[in-house]
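Presented sequentially are two complexes of chain A, the first with chain B as partner and the second with chain C.
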Partner chain A sequence: MTGGRSLFAMPLVVVLLGGAILPLVILAVISFWSVDFDAFELVPGFGLASWREVLGSSTYPTLIGKSVLTGFATAGLTALAGYPVALSLLRLPKRWKSVALVVLMTPLYTGEIVRIYAWRLVLGTDGLVNGLLMGLHLVQAPLKFILFSPVATVLALVYDELPFMTLALWIAAERLDGRLAEAARDLGARPLTAFLRVTLPLTRTGLCAGALAVFALSAGDLQTPNFLGGPSGATALASIDNLFGTAFDWPTASALALALLFALTVSAALLAMAILRLGGAVRVRP
Partner chain B sequence: MSLDTSPRATAGGAPILLSARGLVKRYGAHPPVVAGVDFDVAERAFTTLLGPSGCGKTTILRMIGGFERPSAGTLTLDGVVLGDRPPERRPVNTVFQSYALFPHLSVHDNVAFSLTLRQGAGDIAAKVRRALDAVHMAGFGDRFPAQLSGGQQQRVAVARAMVAEPRLLLLDEPLSALDRTMRAHLQTELKDLQRRLGIAFVYVTHDQEEAFGLSDTILVMNGGRILQADTPETVYRRPASSFVAGFIGGATLVPGHVVGVAPDRTTIGTALGTFVAPGLPALGEGMPASLVLRPDSIVLRDDGDLRAAVRHVTFIGQGYAVEAEAQGQALRFASAESPRVGSTVPLAIVGDRAYVTAAA
Partner chain C sequence: MNRRAVVILALATAFLYLPIAVLAVFSFNASRLMAFPLSGFTLDWYRSLAANTKFQGGFVTSFLIAQPVGVASAALGLGGALALVSAHRSIRIGLAALLLMPFLVPKTVLCIAQSMVLARFGLDRGATTLIAAQTIVAVPFTTALIASVLAGLDHRLEEAARDLGASPWVCFRRITFPQIRPAVSAAYSIGVILSLADLTIGLYLAGRTQPLSLIVASEFRRELSPDLNAMQVSVLILTAIIVVVTEGYGRLRAVCRRRTAPRSPSLASTERVA
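Presenting the complex of A and B:
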């Protein structure tokens, strides 16, 4: 480009090249190397052993799949929980909206570890949920499957990421003419139909932004599954950490990191495409 | 205002479609937006709620549509009390002020919206085509709302609302966003359409010209109350209060007191003299009142006993609009010739074209 203004983009280009692209290239190169475990040294070369290890086993693809599923589940559940909140915020008087914004962000004000231990107190064997269930005589013995299960992981992730989804939906819904939903009702749509055919398609860019943010944050979360997931808490990220650190298997770690990145990117793109198609699905022409 | 307590027929004899009794809407501790109104809407009639902004007319429309819940009172449509029925279960459709066309749907899909929600809607494509034909928008089915002009959007909004075959069509200032020429044009179209379809329209506007041009019945509102419910001619000639007379525009109001009441004739004493004219039946001797003068109630005449100084003369096509002043009272009237500005002219008041109404 000849325009002088494009020069202002240079710092960002440098940061992107140096901070993201370059490390990825290095990872890609290392993924074809091997390790001399006797000498504890990386041996440059070109071999497919680490890629065979990552893609050939059932362990790593399963972990990658779990990461994608966690991302999808969290994005879906935050959307389900976020829409009612976002839509009810629209009706607030202006000065209460700033209060709502502060309240909405509450999960972000505490550290992740603090939140995780709080969830342990809530979901644990002697926790709030079990205490309540037993107090109401709904169960005889404490339920053990809540904590240290995928349920606990996803629940905590939904709680953590909900602000991002709600905020994205809220911003999108604020730009919507409130009369549109009224017009749908006026023309005979029940509340859910009005939502599905008017509000949802018209807020789909917000939903897309929120879903991508939540997907990335939850699929890439290490601590929450680690501390709340119990035996189910193994993640591809934890494996990468292990392989780079304790195991000193940098080639396998690199291959796994790249495979995970690829899977998450493709999944995120599919998610975004699916959401953005929401509006076109209501053609009525015979 | 003539309030018929039997909900069977309006004064004009047409059967009643919608009736409101003791309708109130208040928000919190504020004074009510709608302060207890009663009115009837006749079948196939064009009824207009006319009043300044904030008078409660849109709130009444939203209560009929089911978007606001009345704080008190009832709305009865076709003999059925509407109560808490949600909008989708009322045989009523709305043309919104901003049209509220669905921006993500084509014109065709906008119009088809209500039909696709219905079991046994029949040939949707044919119904949509007929509706678009009726508003002169045939051939626009594939366009999107953003590709249409304001007037075209307004037509689509009307087509979308009427394709649902409502018993009653509600229109919330549907022409207010359009320029003057387009407004006049669509006004004629709306009136034609209403006559052809025979659907009752309830129309909200603050524009008295629009109300006069369209309505069978005008409900003049102010401060959450209906001040008068009559035909346009009656509202113009026999305004129920000074507010109604003033809001309709072009009126000269001369304050005074009633000095004599006879059948069909009320005598009012004012600073300009004593005049005899038809008057509001409720007025009694000694009550404060106003003499309502329309531009044609005042005439330039050599034997006129009012002397007025001419202040402004405006050419208005079929004559001149003259503003004159007599004893501090501004008088507006129409004249075939143009009197000289600054001159003093003799004026006479035609009692038959004047009216004595309540001061407040």
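Presenting the complex of A and C:
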């Protein structure tokens, strides 16, 4: 009875082939075309002009590198914040765990634009952070550099992706045999050593899944840097959007999009490999 | 449950709810300026929201768009999940790779590529394209959710039903589906929530349709006004109501079923005891 059920996936496969794969193939085809700017028309053909423009410039590769760095930074920071939270969630009594899951996931229900908007209220010149700092007389004038800076972008991205990372680590840690870390402690390991040698290696599949999700979502976010990053908010995605919408340079937009996708895929694969190689304790099957 | 764990969880909750709390506080603040210290309590922003037909129209549009997205992504996800847990290894890997595409490719890139396809084939953008694109982004989540529940089911129940002469359809309808019903309704909620929360897809594929997130984004670019706070808080509450009602309805049905027909769902537990 097993084989017959694969047919049920047909509608899904058709939708994904038509809605996700076909557009990416068209994107690849158009990246070799050119634009006749006098007639304002795309000219089909095979040329490498747009690829040369993307890879030969200094701006685009830098922007692609910045996307990759943003993804790595967000993945690293959410892992740093997510581990203590996930390991604390483990200690909750069982009936509180379902409540904790709702508490953890509810902020994700708020829209992209709502979250960005709320961070402006928190970080702005008259915002919560400056209000507190001034109220405590720690600063005389409001700090203007918090909002519209890379700090604001990364903070908002960490906020957006923390639930995904925490959930992945939590699920992995629930499967972990808690006695292993305790045994390490009993045998004299410091808390940090016990974490690095026992808990971290044994939860690396969860860390890998969480890191990949966070990397993809944060490196692929246009709106957060755009609305919160100020002058630092220029991203490869914003350039693609500009080339596509304003400049009508579809071939260059396509080539840049594919170059970005390639860089993100390679980086994500390297990240996954690095995490899965984390050594330490030997996996013990109960 | 030690003290450090309590402190960590309290800090995490505070961080996750800080922006939402600030929004809520300013929505009752008696000043046009959104600045600390606060100026007093008012319901003016909610009153002006009640008079704002543009926002209301946007919310109705968003809600009407979200329903088909929820239904389609739950249905496609159910089909995909059934194949994902039972098909041959090669089909499973191919399907998983296909599902990862809309998740890993940045939404901006995917939407621009979809816009190019629509433009090349001379198709208009509007509610239909928006629903389709939002469904594509939602299916990786819904499929994974339903598949994770399906994978945990006791296969012996289905085998027993087939041995006793049930057709594949009856077996699915009477044995498999009742067990995964909560996951399917959760998948519907996820589709609705992702659709309501979306801005990026709307920017490219909404055409002349104006869902709420697009209206908010254009207001947002002009100025920050306090009735936006009131509206964000209202949207949050309405989203929460949708989630609670759909989940609650599913649970209620499950409870009623258990009361009227106590024997069939408890089969798994009796077997485990034996």
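Rule of thumb we're sticking to: the second predicted complex is superposed on the first by the 258 of 286 C-alpha atoms of A that agree within 3 Å, B and C clash if a C-alpha of one lies under 4 Å from a C-alpha of the other, contacts with A are read in each partner's own complex, and residues count from 1 in each chain.
Here is the rule we go by: contacts are C-beta pairs under 8 Å (C-beta built on N, C-alpha and C of every residue); 3 or more make two chains touch, one makes a residue touch a chain.
Bear in mind that the values here come from a model prediction, so they are computed numbers and not experimental data.
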Chain C versus chain B, contacts on chain A by residue: C
Partner chain in contact with A:24 - chain B first, chain C second, else both or neither: second
Which superposed partner A:201 touches (first chain B, second chain C, both, neither): first
Partner chain in contact with A:186 - chain B first, chain C second, else both or neither: first
Chain B versus chain C as contact partner of A:231, first or second or both or neither: neither
Which superposed partner A:112 touches (first chain B, second chain C, both, neither): second
Doubly contacted residues of chain A, that is, touched by chain B and again by chain C: none
Residues of chain B defined as touching chain A within the complex: 65-67, 86-88, 92-94, 96-98, 100-105, 108-109, 112-114, 116-118, 124-125, 160-161, 164
Chain A residues touching chain B - in the complex, by the definition given at the top: 177, 179-180, 182-191, 193, 197-198, 201-202, 279, 282-286
In the complex with chain C, residue positions of chain A that touch it: 1-13, 15-17, 19-24, 26-27, 30, 81, 84-85, 87-89, 91-93, 100, 103-104, 106-115, 117-122, 124, 126-128, 130-132, 135, 159, 162-163, 166, 212-213, 216, 219-223, 227, 237, 240-241, 244, 250, 253-254, 257, 260-261, 264-265, 268
Chain A contact footprint on chain C (complex, rising order): 1-2, 4-6, 8-9, 12-13, 15-20, 22-23, 26, 33-37, 75-80, 82-84, 86-88, 91, 95, 98-99, 101-110, 112-117, 120, 132-133, 135-136, 139, 143, 158, 162, 168, 193, 196-200, 213, 216-217, 220, 224, 228-229, 232, 235-236, 239-240, 243
